[in-house]
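Each of the next two complexes has subunit A plus one more chain, namely subunit B in the first and subunit C in the second.
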Partner chain A sequence: MEMFANLSLGLATAATMTNLTYCFVGVFLGTFIGVLPGVGPLAAVAMLLPISFYLEPSTALVMLAGVYYGAEYGGSIASILLNIPGTPSSSVTCIDGYPMAQQGRAGVALFATSVASFFGAIFGVIVMVLLSPRLAEFALLFQPAEYFSVMVLGLIAASIVSSSGVLRGLMMVCLGILLGTIGVDVNSGDTRFTGGIAELRDGVSLVVVAMGLFGISEVMISLRGATQSYAGQTLRGRDIYPSWGEWRRSFLPALRGSTIGAFFGTLPGTGQTVASFVGYALEKRVSRNKDNFGKGAIEGVVVPEAANNAAAQTAFIPTLTLGIPGSTTMALMLGALMIHGITPGPRLISDHPDLFWGLVVSFLFGNLFLLVLNIPLIGLWVRLLRVPHYYLYPTVIMMICVGVYGISNSLTDVWATLAFGVIGYVLRLFRFEPAPMLIGFVLGPMMEEYFRRAMLLSRGDPLVFLERPGSAALLGIGVLVLCATAFPVKKILTNLIARKGTA
Partner chain B sequence: MQRRTLLATTVAALATLSMPVLADTNWPERPVRILVSFPPGGSSDLVARLLGEKLSASLGQQFVVENKPGAAGTVAASALKEAESDGYTLMLSNLTPFNVAPIRFPDTPYDAIADFDHITYVGTVHLGLFAAPSMGVSDLAGLIDAAKADPGAYEYGSSGVGSWGHIIAEQFQNVSDTELFHIPYKGSGPMRLDFRGGVVPSIFDAVPQNLPAVEEGTAIPLAVTATERLSSLPDVPTFTELGYDIVAENWLGFSAPVGVPEDIKTKLDSALTDAMALPEVKAQFDTWGLVRAPKTSEAFSEYVSAQLDQWTPMVKAAME
Partner chain C sequence: MHNGKLITHLGPLIMLVAGLTFAFGAVASLDLGSFRRMGPGAFPLLVGALLAVLAAIGLVQNLRAPMATEKADPIAVLGVVAGVSAFAFLTPLLGVLPATAVAVFATGSAIPGFRWPLRAALAVGVAIGVWLIFVRGLGMPFVAIRGI
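Then we have the complex of A and B:
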């Protein structure tokens, strides 16, 4: 009963004309800003933060949240059409989304993204409504040992998503981890591998790596003509609906993705990225259509999008119930409250129930807006691909540079992005995929940080990772996943040998 | 919003009337940048945004906040040093880049005193020592007894190696002759999550962001690093009161590259002073736990130098 009281309170807050309008404005601006290469949810929220100073706290939060998940969605548009992910989690969407676009099925991929995002988000909201307070406590049970094990699982998942083979995937993950070690070491405060450059003290910026490896290198590849240009293809813009078979094939993956996403979303800081990769890796194991993964399988778009959006919603749980931001984007959301004199803290929900439940209900509206807004726009986005390369690619490069500069106000970062573009280009020439590298780069340093913190807390006893049941379970899953991957490899090898024998 | 604009305009008008000397400068004639050494969203960033908005209203030009986080604030301070001293580039200066980083990193490319004009003091935030209920202590003496009984058994969290929490914690262990086990974090957020989850039993962290947890009973404040008791925690003693000579202030101010013309400095200082006297700004500072004590420009300059002298041995001792 309490649940319905909460919901009706939330509805009363969210369904006012002002809040609905700003919710729409938020998702609208979020989508359009998120589409720009180099501009992710963080930058989009930061850009619009000043506007929120003039709004009521609930309206401000509803709008910024809309910007956040709107930008998340917008990012997948650029991932699918141009192979330029705005965030590490949308780099998973690239794996199958971009091949779909190359096959002239960009419309279907975008449609699937819309629906899967909606599905995942609604799933996340339901989880929030049912479990919010308890999930926050659950998140607190996660200690450094468990976080380490989650990262290990995420990295295993990352190395097996690569369609060019587990070995290459692992190599890229390791390269990413190495890159991530640049900067200040948390435990000693000493700098590592910075070459004396002050800007590198905080490490290489994620946006720089992502935009360089994916965005710039994509443009270079297309200049070389290595990938078949699809811009000349006649794209059937109206043909955006998946076939009945694809609908049917997508339902269970969407459900699995959402569940994984809702779970990982509650872990501050790590949720979305790990959720997309683990969801994708799992699906690649269990799907009947696994052979098509990486070649434009619709499930490969559905799973990460559902996971990512479910996680985007449940990520609000620790932030709002504990008042401690799990990520920089969430810190901005709390900043919007602080400017209105509302101190985020454990009593936020009890002191401002209208604010919390209003926000939760606004997620429902916002995601509905996103769906309604984006399905008619798919045709427009797809038409973007018809823009000739000599207009499209210079524009993309310019926008990446402006986006990178806009985030850090640093010209060094722009040069670094271009340098990573060259690195990405060379890697891709040798068929090394950038996605596992990106996740290695993101998760590697966190894994190290949690590993060393767990070791500090146990005073150097490595058994801590096996003695804590949560950590042991996660590591167990990781080992299982690795074994499951190893066996098909064996099968393929024996098949190959057998074939050679008969030939 | 209209009322605010009206208020600000009135204040600006009064300021202009009361100080005819201001007519000497046409500054600002174009937008002014305020560099902030933190990412957007934190309380220091919000201070800059709030004051920037008030300055825009009273001085008739946009005051734009530009976040340049990184390398313990030295990225922003280096950029400030490189900027023209024409009053169009300012920085929300604070403890770390001016009093801690130059000592920690000998290759810091600026002199915290000689290269800058420290113009207006904004206020300060203090550090507190908080214990988790699970530790079973209710005051500082209890924690010291526990730590002495079992040296190195109890962990404390700080927001990073070389952070002010770490430096003060090391000083605390020196003067109290105790040994705690340091668990460094990347910033205060992750540390507070672990503190609440029972991973670390005590933390040295800025007071304001921990007040909700204190109210909830999940953080027990043992002592604060102020010179006198804080109005937000009136029952919590200061370290000095308990006989430990530990004072730490994370101050905020407005600074510019050295050589800004006197009349611009005067105009900025008086506009900022007026802005900070506005009731809504005062109220906002109170909720953020920013302790405000008026200082003249000269006093602020001297304060920054004195702070540097105070922190130099402490930073060196902690980083040994």
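Then we have the complex of A and C:
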């Protein structure tokens, strides 16, 4: 009963004209940006972060979330048509999606993707509705030591997904935490590491860091390759519907994909990419149609798409109930909330029920928009891929400059963004991925606060982190996760898929 | 040692320097406090030291098996730097819209094969877009064109 009350509260928040409009704008822009190869959900959310400052917190979050899952969906379009994954998590979709396109069945693949994404997302939302309040209640029992440990676990998880190795990921996390210490210390009022620069007293702005690391440096990498555009196929309306047999064959795989995706989405750090890989690998084992995998099997498109969209929704569970972002994009969402003065954590659901349930209901609307929007718009996205990319990058740079300048009205922030862009570019040259750094930067200040509080409560005994069972268990999981990276899961799965594909 | 290999060690070295800078900075200029009541310097010291240790391990690992670096593209970097700098310099002088147009044109110049009439058209188009979205749509308090 309580759940219906919550959902109707959510409906009242989400179904306002403003929120519906921004939800629509979010999913549309997200899909638009996600279609373009190389610009993923992270860059999309980072670019639109400044606009959200001018909106109400719930509207801002609804829009950013829409951008995020819209971009996830858009990523699959480039995978199918061009064999270029628009996002890392849609790389699995290439395996069967591209062969389908080569066989002239791109329309069917795109249609199946829309429906599977919708199915997965709705499954994810249901899991979120059922699980979040329970997890938040449980998390209310946490004391500072547990909070600190859960953050350590989150940061370890963030560093293991780094493709250049866990060690480099951990270094970037530490660098991010250190960056977060710049400015006035909230406990003592002392300024730290500002070098006498007055603008740094408030700390380095999240927008500046995110836009520099992910916007500017991304453009520096892609700019000179911007001459090509991609020739897509032309699609006719009646070519896009799957046959009845394909509908029937897709239902169970979609359900399995969604279940796997919903599970992996809730684990911090693993996220959609792992979910879609695992979903595909498992389906290949259990499917009756396994011989066709890699040659354009519809299940091979349905499963990863259902999995990654379910994971995209359930990734909000740890972010909103514990305040631990499961991925870098989620760290940005968390940052956006904090800028609006809302601290994500177990109290979010009880303190701001309209925001939380409004967001959940907006997911339903957003995914419905995606479904309704994308079936007629498939032809438009195909045409978009033919537009030369040199129009894109100078525009992105300007969106960033004007966005940053618009928030603070300070050109110092524009210069700082450029500086972070160059730093991000240099770090990438040396194979240091900036994503874990951003998570460290967002979580660092909270982590320090809980660390100091836990030490104060334990009268200076650092063993408190091991003596409290909850905290010890969380740290233990962290150590296990670190050990498990000795067996790189993703690589094993990729090999498994490749071997099965050739067999 | 081959010069190319030397460069591959620069990454972990930068991290080592960053870690040590924060750790020493904390010791030198901030109060560390006690275990029970930690000062503002304690946490940066811990994390800085951890970063230095990780970077040292990374350096040793890299000496054994160097991780190749990516190839830099100075023209792309220059194009972006020119665009952003043009925006930051010209906004106070001319207003946001002219600064935007010049910046788009500057960044576009770094893209091979992007002919100048198209670049000019994009510059004007983006400036109009900025006016529509940010000035009219969101009502941001910009000086659109100085003097008007």
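Just so it is clear, the second predicted complex is superposed on the first by the 273 of 503 C-alpha atoms of A that agree within 3 Å, B and C clash if a C-alpha of one lies under 4 Å from a C-alpha of the other, contacts with A are read in each partner's own complex, and residues count from 1 in each chain.
The definition used in the following text is that a contact is a pair of C-beta atoms (placed from the backbone, for glycine too) under 8 Å apart; a residue touches a chain by one contact, two chains touch by 3 or more.
Just so it is clear, the model here is predicted, and its values are computed rather than measured.
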Practice task
Check the residue A:R134 against both partner chains and state whether it touches subunit B (first), subunit C (second), both, or neither.
Solution key: neither
Practice task
Using the touch definition from the top, say if A:F142 reaches subunit B (first), subunit C (second), both or neither.
Solution key: first
Practice task
Once the structures are superposed on A, label A:A198 by its partner contacts, choosing first (subunit B), second (subunit C), both or neither.
Solution key: first
Exercise for the section: State whether A:W415 touches subunit B only (first), subunit C only (second), both chains, or neither. Expected result: second
Exercise for the section: Could you tell me if A:Y405 is touching subunit B, subunit C, both of them or neither one (first, second, both, neither)? Expected result: second
Handout entry: Touched partner set for A:N187, first subunit B, second subunit C, both or neither
Key = both
Practice task
Based on the superposed arrangement, let me know which partner A:I339 touches: subunit B (first), subunit C (second), both, or neither?
Solution key: first
Completion exercise
Overlap of subunit B and subunit C contacts on subunit A, residues 54, 187-188, 409, 456
Exercise for the section: Within their complex, state which residues of subunit A touch subunit C. Expected result: 51, 54, 164, 167-168, 170-171, 174-175, 177-178, 181, 185, 187-188, 190, 192-193, 216, 219-221, 223-224, 226-227, 390-391, 393-395, 397-398, 401-402, 405-406, 409, 411, 414-415, 417-418, 421-422, 425, 427-432, 444, 448, 451-452, 455-456, 459-462
Problem - Residues of subunit C defined as touching subunit A within the complex - result: 8, 10-12, 14-15, 18-19, 22, 25-26, 30-31, 34-44, 47-48, 50-51, 54-55, 57-58, 61, 67-73, 75-77, 79-81, 83-85, 87-88, 91-92, 96, 100, 103-105, 107-108, 110-114, 118, 122-123, 126, 129-130, 134, 138-142
Fill in the blank from the handout: Listed in rising order, the residues of subunit A that touch subunit B in the complex are 46, 49-50, 53-54, 140-144, 184, 186-189, 196, 198-199, 201-202, 268-269, 318, 322-326, 328, 331-336, 338-339, 341, 343-347, 408-410, 449, 453, 456-457
Problem - In the complex with subunit A, residue positions of subunit B that touch it - result: 1, 39-43, 45-46, 49-50, 53, 66-72, 74-75, 78, 104, 107, 109, 155, 160-162, 181, 183-186, 189-190, 192-194, 196-199, 211-213, 215-216, 218, 283-284, 287-288, 319
